[in-house]
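Shared chain: subunit A. Partners: subunit B in the first complex, subunit C in the second.
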Partner chain A sequence: MKTAESGAVVMPLYSDEDVVRLRKLVREELAALGFGIVDQTKMITAASELARNTLKYGKGGECHLGKLNESPKIGVELVFTDDGPGIEDTALALTDGYTSGGGLGLGLSGAKKLSDEFHLETRLGEGTTVTIRKWKFS
Partner chain B sequence: MERIPILRMGSLLLVTIQVDMHDRLAMTLQEDLTDRIVKDRAKGVLIDISALDIVDSFIGRMISNTAAMAKILDAKTVVVGMQPAVAITLVELGLALEGVSTALNVERGIAMLAQRE
Partner chain C sequence: MSQDSTLQLAGLIKGNEAALVDELITAMRNKLMRFDKASESEIRQQTAQLLKLLELNIPKTTTHNLNDSIWAETKQLLTEFSHARVKQGYTPAETASIIFSLKEPIFKLLRASLTDQPQQLVEELATTTALFDSLGLYTIDVFQKAREMVISRQQQELLELSTPVVQLWQNVLALPLIGTLDSARTQVVMENLLQKIVETGALIAIIDITGVPTVDTLVAQHLLKTIAAARLMGADCIISGIRPQIAQTIVHLGVNLEDVITKATLADAFVIALKKTGASITNSAA
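Moving on, here comes the complex of A and B:
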């Protein structure tokens, strides 16, 4: 996957309040780019799920928010990284309803459904990076 | 500590969520509501989410849990004012708010709870 083109904004994710701040930032960025309300809501919800995973399982990390331009499409990319334990079985982690932490197990699979592109990279003992993108015709 | 206020109207409790809640705040609200159902002997709980831009799995779970507790305590929960984009996203996320009834607005929510009595 190519990385975002224009300068990414970096948001730290170490507390519940950071997750709220990220949701606000994602809303503002998508609104500024002219994304519709449904796409905004989907992307914020996906971001919220991934940010919580970064916090809860990754023991904190960050989110890079970047803009994409592949004329005639423009897009937004969110990259969540942590240097937590990693995910042993990614297929299992992506299964609807699978949770190791008493959640609903809808976060990862939900983020995949709510975004246009989803990419998961993980190494045991090193950490996890999840990238999601949303596109629109400019 | 930051808290979401809970209003009592007769045998009903009304909560209007006006801020983007972080997870601890959502947990506190769930506990406060359960306490108040018992203390106020409430028969119904109205949760107004018309100001909420998103409902993710955590807030969704908090709402379902509250409804489940309320049910055990013989009270019914109605969520009112869900924005269409939020409803669309919840369906796509696969989050069914089990045991939760929904209504368009507070008046209709009250009417729904009144029917039950």
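Moving on, here comes the complex of A and C:
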């Protein structure tokens, strides 16, 4: 995957309040770029799921929010990184209803369905990086 | 530091309070923009009081650690001083700088009286600086604590405010949820609802999520748990206020709300609730 344009905003994710702040930031960014309310809500929800995963399973990390421009379409990219234990079986983790932490088991797979592009990279013992993107024609 | 040197400082302040305060006020006038007549007389009075306390307490101790009980009264005065500045809109830095500004005129006095004892002058300057630094920093601490108390009080108030359970009709309760549903608040919501179900013996509880901006899997899970607990107590739940974008998101997430009655508006949910409890609304004009 290509990386986002420079000028990415970095949000630390170490508490529940950070997740709330991230949702607010994503909402503002998408609204400013002219995304519709449905796309806004989808991306905010996906961000919320991934941020919570970063917090809960990755023991905290950060989110990079960047803007993309591939004329005629523009987009937003969110990159979640942590230095946590990593994911042993990514296929299993992406299965609807599977959870290792008492949740509904729909967060990671839901984030994939809610975004236009989804990319998961994980190394056991080193951490996990999840990238999601949302596009719109300007 | 020797007992001797601190005695010197107290002795110097004694008899010079008025001059010291005057010099401080002059310095402040040049430094601070918001320095007006009203705060001037107050600062004048409070710094004079502070100097009195210093001249009283300095000889009693060799420590400038403000945790010592000797400084209790001084700390009390600084607390009042800091709170008064908060009210007048001073910043923490401006508040502390008033205390720090006392140093310069005192240094002047020290230099004048100890010109022939350079060794002692250096010692005096060091102790005076240490003392006034800790006094000034204390005002910043107090300032900060006052702010923190306001924030924690507001957090508590938000927790209480945002979770009222209201009775709409006999046997019908409504829980209008507003804002972010993080775990701490959801806990309060759940307890309030279950408690109210016990008190009123309600058969139907309507949970309205019009004011919840994001429904992710965690929020959905909290809702489902609340509904399951209410059901165990004999009350059915209806979720209302599901906006189009939230509906689409829930579908994409794959959250199963099929076992739950859901409605777009609170009004729709209320009609269902009335039907279920055997009541109905008739239009008298018809």
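Note that the second predicted complex is superposed on the first by the 137 of 138 C-alpha atoms of A that agree within 3 Å, B and C clash if a C-alpha of one lies under 4 Å from a C-alpha of the other, contacts with A are read in each partner's own complex, and residues count from 1 in each chain.
Here is the rule we go by: a residue touches a chain if its C-beta (ideal position, glycine included) is under 8 Å from a C-beta of that chain, and two chains touch if they have at least 3 such contacts.
Since we're looking at a predicted model, the values are computed, not measured.
After superposition on subunit A, the partners subunit B and subunit C collide with one another. Within the superposed three-chain model, A:89 lies out of touch with both subunit B and subunit C [touch as defined at top]. When the two complexes are overlaid on their common chain A, residue A:20 makes contact with subunit B and with subunit C alike.
By the touch criterion stated above, A:110 is placed in contact with subunit B and with subunit C alike. When the two complexes are laid over each other on chain A, subunit A has residues 16, 20, 23, 27, 37-38, 40-42, 44-45, 48-49, 52, 96, 103-104, 106-107, 109-110, 113-114 in contact with both subunit B and subunit C.
Those residues of subunit A whose C-beta lies close enough to touch subunit B in the complex are 16-17, 19-20, 23-24, 27, 37-38, 40-42, 44-45, 48-49, 52, 96, 103-104, 106-107, 109-110, 113-114. Taken in their complex, subunit C has these residues touching subunit A: 180, 182-183, 213-218, 220-221, 244-246, 248-249, 252-255. Contact residues of subunit A toward subunit C in the complex are 16, 20, 23, 27, 37-38, 40-42, 44-45, 48-49, 52, 96, 103-104, 106-107, 109-110, 113-114. Those residues of subunit B that touch subunit A in the shared complex are 20-25, 53-58, 60-61, 83-86, 88-89, 92-95.
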